[in-house]
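Given below, in the form of structure tokens, are the structures.
Each of the next two complexes has subunit A plus one other chain: subunit B in the first, subunit C in the second.
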Partner chain A sequence: MNSSILTIENLNVYFDVFGGSVSAVRGLNLTLDHNESIGIIGESGCGKSTLSYTIMRYLAPNSRVTGKVMFREDNLLEKTEQEILAFRGNRIAMVYQNPYSSLNPALTIGFQLDEVTRFHQKASKEKAREKSIQALTSLNMGDPEGLVKRYPHQISGGMQQRVCIAMALLCQPDLMILDEPTTALDVTTEAVILDLIRDLKDKYAMSLMYISHDIGVINKVADRIVVMYSGEIVESGPNEELFAHPHHPYTRALINCIPREGLVKENFRLNTIPGYVKQRGTDEGGCPFAERCSMKVAGCIERYGMREVGEKHAAACDRAYAADVADSFAKLKVSRSKQHADHTKPILEVQDLYKHFGKKRKIYAVNGVSVGVERGTVLGIVGESGCGKTTMGQTAVGLYTPSKGRILFNDTDISVSWKKRSPEMLKQIQFIFQNPGRSLNPSHTVEQIISRPLKKLMGISSREERKTRIIKMLEQVGLSEEYLSKKSSHLSGGEQQRVAIARAFCLSPGLIICDEPTSALDVSVQSSVLNLLGDLQAETLAAYVFISHDLHVINYISDYIMVMYLGRVCEYGTREEVMQPPFHPYTEALLSSVPEIDPSQKKRKIRLGGQLPDPAKKIRGCPFAGRCHMQIGTICETQPPPLVKFSDTHSLSCHLDFPDAVREPAGEATG
Partner chain B sequence: MKYILYQLKKNPLAIIGIAIIVFWVLAAFIGPSVLTYTHTEMDSLNQMVSPGVSGHVLGTDALGRDILSRIIVGSRSILTVALLTSMVSTLLGIVLGFSAAYFGGKIDQTFLRMMDIMMAIPPLVLSMVVLGILGGSSIMSLTLIVSIAFIPATARVSRGSLLTCKNNEYVDAARIRGESHIYIMFVEILPNTIGPIIVEATARFAYSIMMVASLGFLGVGLQPPTPDWGMMVIENKQIITDAPWAVLYPAAAIASLVIAISLFSDFVSKVLIHEQ
Partner chain C sequence: MNFTFMIIKRLGSLVVTLVVMSVVIFLLVEIMPGDVAEMILGQSATPESLEALREERGLNDPVFTRYLRWAGGLLQGDLGESIYMRGVPINTLLWRRVGHSMLLALTAFIIFVPLSIFLGIVAGVKAKKTADSIISFLGLATMALPEFVSGVFLISIFAVQLRIFPIISVIPIGESVFSNLDILILPALSITFVMFGYVSRMQRSSMIQVMNSDYIRAAMLKGMPRRYVILRHALKNAMLPTITIIGMNMGWLFGGLIVVETLFAYPGMGSLLMTAIRTRDVPLIEACVLLITVVFAVSTLITDVMYGFLNPRIRFQGDVQ
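Now for the complex of A and B:
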């Protein structure tokens, strides 16, 4: 046990709750070597965070823990509250998911950083500050002296997370636990932070334990991957080996359900995992995954054991076998054609749309966007947070009114708020929100939720008729009749989003605006929701505006893609045109930042430094100029970029010289 | 229901509270029919007798009236007024607080300033002055005036709880299907904010008992012959050295009911807030 830094033996964690106790972690064994980084992956509810909190001894008072957690020679579970303080933050550091809530908004960043060394190393004020600044510098943060005097809300989310990492590094811990540190961040920021974590690990010779639900992210930082399901480890193995030959059915299902390059809705359905992670009681045995497993046999209810399947590679399935990953995709027998698309006239037309917020200090959210959505097609809008994509969607349904410009729906001007729209118009444009838990009223039943718009906008007054329609709709989204009387707060995230989709589709709308409908969901649920949206679109021929920050998702579902940056269109074209060169530099950077699922795939590294420019400032030139890796000179900052046209559909705005393209002078950047 | 029993098992204080409340409610309903003396009957042979003498379980006052009967009959009026007050003030609070928070802007500002003005006058002083001018009070006027005095508190709670729910997306979802403001406020938002409002209402119940008793003590509460706990305390103040029970038992009645309702209110808040 000389080189291992953390050894967990037969760890069990139970929580006593109303109606018995549930077991969150069961019989878990894990070793972490010096200078090794492991990634822990699984859906939500699989006990990943419970495991990390057990190591940190942060568990809630209703928990019971048995087993051993050895940190070098000390069993952390036997330490008193007083003794554990010497480990927390000092030898073992942790970085949490949401940097905004893990930093204290009332104290300066400097104070919070200094506290760590002043407490653990009894450093003097000056010495502590010196160390804090050193730590910030080692994370490539510009102007650390200025930064320590600021408050957390004055810096961006990516900066906050870097401050959290700096805080974790201060005492040069032996072990750093990262609990989904990049989930709340943009892809471009995520890419920068992941690179940073890798560098730091080598520099300080730390061990890392990286928890995430995103396989692509895990891939970038971990040497060894541990797959957890329902509180148990079902497979563990070296990074590339595990992805090339996943043995456990769960691992395989998890890898397969993620949309990736080359997967498009016309030809493929995404793989899904039916059901959801069940909380287990204390005395259930057998394979936890059995009831969702597509390869289960009768014996799965009892048989269960970890077996070696390769070098350092073990899987907890008796019939552990490897099959090629690629062939397990369900290829559509008849590919969905795009013929139903009506190219003659767009159903939604946005003309030179501007939206500004605020009176004294203006926020320029959308600055001159023109785009059309054709009947029966999907327009994907992609961009970082703060690029105005959600504002655009909400303006289209009338939650905001445009400051300038027009929105036409079937040639009717709808640039007015929801109050002034006719019921027919409200019915025609539906909206699916990001977070189904918040967009469905938690105290209403599913029947009430779907029935209300039917009554209000379709004018169906008979309760019986509404009910039959709802049941039919629920069947279409894969829910049974028994859901009618359930309250939405008692449903899982995936079921909630299905109800939200049913609510939108039961009105047979012409256009549905989907605002990040899958980003709050687990990957396995995301794939089933995407399949559902794809199927319903093929059936109903509705047009979608699909807003997302995830390029793979956009690539899967969209026919046309619009890339937005700071309220402006960077690039627009069909899916194939946007996803292939020639690129707008921003599109290229986005593509390069997306974590790849396959670890053997290497791609060109483009990392965006800096942050989004202040949206309260008017920008004369190209909004992306400050962060662009292809910037050609002052022209970028002073003159609005011209529109470069490659084909009837494909265009981008950039000063770069593209051969064989038609350039049009830039529209006046007013606003 | 099962969940409530589970919580109750862990919370012995709540059980005590509920038991006391049940006792008083039963007393108010069936008490008068089993009493040997009525509350106005003056037993001239047994003035200021100590508890237990000739069937006066809690003794008598200076006029020979049975203390137990008076307390039990008094519980009827005090429970009625307190219950009505907490309901009326909560309802008014919801209407005012919700409209202020929902529409926001100038309406909200005006509402807040008005509440500030009302809060500058202590509710007890306010009700005392109004009742004094009216010269005596009935159950109706008492309820109404105490309710109005409580509006700043209940309206602020309603306003705050609507603000926490207002930015949820189900409100946006209701807007873009063209729902009216009233529908959004009372069908979409109210069920999700009812927890803190109910907790506040039960707390108001305890406050209004205190208030009614205080007003009785100050002589502007319910008028004789209706026995009022607060009034009983002040009536018998002169004989406190000779017959301490005449003051002690009504005071204990006030205290027990207020404490019981506070314990119950704590329990309600625990159950409702855990549920959310």
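Now for the complex of A and C:
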């Protein structure tokens, strides 16, 4: 018997659109063996999702498909609507990016699980329920009997995704397609789910097709990586080889875009890929990456095409390290001095800050945080969703007023709403948010957007003068003068974020609060935004508070790092101090959960069980107690941990016994 | 907060709404030119007789006292007396009419709600296909026609040409509406005409939205047949917004009732209110408007309860983890 589960031959998918047709997948060949797991990586618009929906035969009516998709002996493309039902959810199952929206809000979890076996195995109601409960139990979910009676919105995101995985497993499929299943989850949850997926693959001898934009995630679950660009496979090979010796310039460029261990802003710029992925018409051929490729030479287009370049390793081009053109990657090494930091006095000082929401059901978002940000430095705040990092930032900007505690900016008390702050203060503190599309007025032109604060806060009344400044600022963020008259809704995500950055910097602020500024962007765009933020900071000496869930990004950009959990500071120190032992147990767990970009790196595995405690609950002891892998005993639950100081800058709160450290008893717990 | 508690809270706010509305209605009628005494005496009024009548009826009391008296009466079920009909208690007039209107509204409801929801769903499922075009065209066409136009249109076809239904919907003296049910059909149809376009369009768009949602895609990719996915996964969610819209448009339905009842000379509350307004029968206007408010508020409440019933996210609010 043929051991391959899935064989795709010369697959083309076109979409008929207004005025022609575009090609979403082109000339794609792929084989997936029994019990093999491949990861498909690519940025948005590269056709990876279209590929999975083509396999599932779930494409919009304006699509045309040619080629072969062989699932064992069946060509899925030739099946009728009726016949394909027997494959979907039965032999081929799928798990999606957003578990919350993939579960029907109006039906119980049990009902949604049961129907799978009721349809595919003609199971009776009781039998189906029994199987559903079995599937939930096999994923180590507590209280499956109770769970089946609940509705999706009553359980956490991590649980929802496990329900979705259980649903996919019910008929023990031969192939499971996972489309960014952990992108919406926290790193610690992600780590647990990824382990689970790996285990299940072997337990049920399934083949996996794992789609993601995150090469680190793919490393954890896949044996082989397939890189897609603009609907074509450009390279495929075993993880380690692909990472160590990429052959296609795009693969190499992509890997170098990603912030990872050892890359910090003082020594490295991240690689960027100019331009963007183009929708290709059906008649265009040749190398899809040609327009953005730095290795391009006159003759390379003719030679383009998939070839074996090593064992199980194929690439459409092998010029990643070609010697006949100057290697642009060499320029990435830089040395940016750190001299401009002023250690004498913090520009921003947060003193014992509390922020609670709600009246009856109090949510304790921030619980006694004290921290200072020095002039010209970057404070990175990292933590999972619900840790209070965003509330912190928004309180500093003045979107909220503190419930208790003070915020000082250059010794001025700014613990008030932004409406009550002086124009000078508003100018000094700027912010950049995650979703540039939402923070910029879509119907305003770029000029209007940047012009407004210039007029209101800088008092520049002459339109000409404002315009000259804006043009200069746009140049600094890498946008040309043409952008002046463009509406923000017509810009790409990366361009919008550049406009937001330009708006913030044109006021020469002393402090910029960046709340997840790159997490909605593709890696190649993220890297250019991070480079830009690094450059601008070196030029203007502004200080940043940089909030992110992504430890690699935080590590790249920050001078100081603060790790937060449940509204409290777990650990604070310089980047080196926080990223190296001694660790706070939570920092350690976070670091071990982060998917490693480089597959040869192996690290200690710490998996957090449980979930964040209810934010409305008052906590007496250590907030991390209950999930902590180092927990000492009841002392952790009943007594607030002391502050353990290792140096002037490095401190953490934990009951653990660290040698050579000064301990200070904890202050009042929650107020 | 659980569902029962929510209902109790809504009941509380319903009472508040009614109190506020009764004040508003009272004050509105208050600022209308002329007072009750002038209306009663009409042409024969002299300053002395007016004054005497005002004194007798307590019209010279402060507004607040008069409001309390009126509201107090309402609470005891006394709606006052009609002026135009020379002192007939409104209670004897109104309730029969209300019954008639309810019956008409109910008939219309039974026709248009299932019809528009069903056709809306069909249009949504078959979006951009022929069936959808036909339904959408029908919806737009009927929506554009005001009740009196569609009413006349219906009359000329079914009553004048085909002679299936009576031209006007009067109830012969001494008979009850129940022995004359055929008179309900044409008025109910003209109300259906107005509501259909609106409700079916709403249903269509929410159906399309639901069919494009992630969870419908997930259900389809679990290998469920399309018909089953539509019935079990899509319907419940797709009907939520429609129910709200229907509930919110009860007022509109009443507006329609007034016109249609007048057109067909149907003895309902709408035509009573029209008569009251024409004859400036203040207590009767007050009673009618207040009643419409009650119906409106209650139907909103029912809508919310239904909504909560269909939507577990409302029913189980608060125990989200």
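The rule is simple: the second predicted complex is superposed on the first by the 648 of 671 C-alpha atoms of A that agree within 3 Å, B and C clash if a C-alpha of one lies under 4 Å from a C-alpha of the other, contacts with A are read in each partner's own complex, and residues count from 1 in each chain.
Here is the rule we use: a residue touches a chain if its C-beta (ideal position, glycine included) is under 8 Å from a C-beta of that chain, and two chains touch if they have at least 3 such contacts.
Since we're looking at a predicted model, the values are computed, not measured.
Legend: residue contacts after superposition of the two complexes on their common chain; A:Ile632 is shown touching neither subunit B nor subunit C. Of the two partner chains, neither subunit B nor subunit C is touched by A:Ala616. Shared-chain residue A:Val116: touches subunit C; no touch with subunit B. By the touch criterion defined above, A:Phe18 reaches subunit B but does not reach subunit C.
Once chain A of one complex is fitted onto chain A of the other, the partner contacts of A:Phe433 are limited to subunit B, with no touch recorded for subunit C. The touching residues of subunit C, counted against subunit A in their complex, run 213-226, 232-233, 236-237, 310-313, 316, 319-321. The residues of subunit A lying in touch with subunit C in their complex are 56, 58, 81, 85-90, 93-94, 96, 98, 101-107, 112, 115-116, 119-120, 151, 153-156, 164, 167, 611, 614.
Considering their complex, residues 3, 6, 168-170, 172-173, 175-179, 188, 191-192 of subunit B touch subunit A. Residue ranges on subunit A touching subunit B, taken from their complex, read 18-19, 394, 397-399, 418-419, 421, 423, 426, 429, 431, 433-435, 438-444, 452-453, 456-457, 503.
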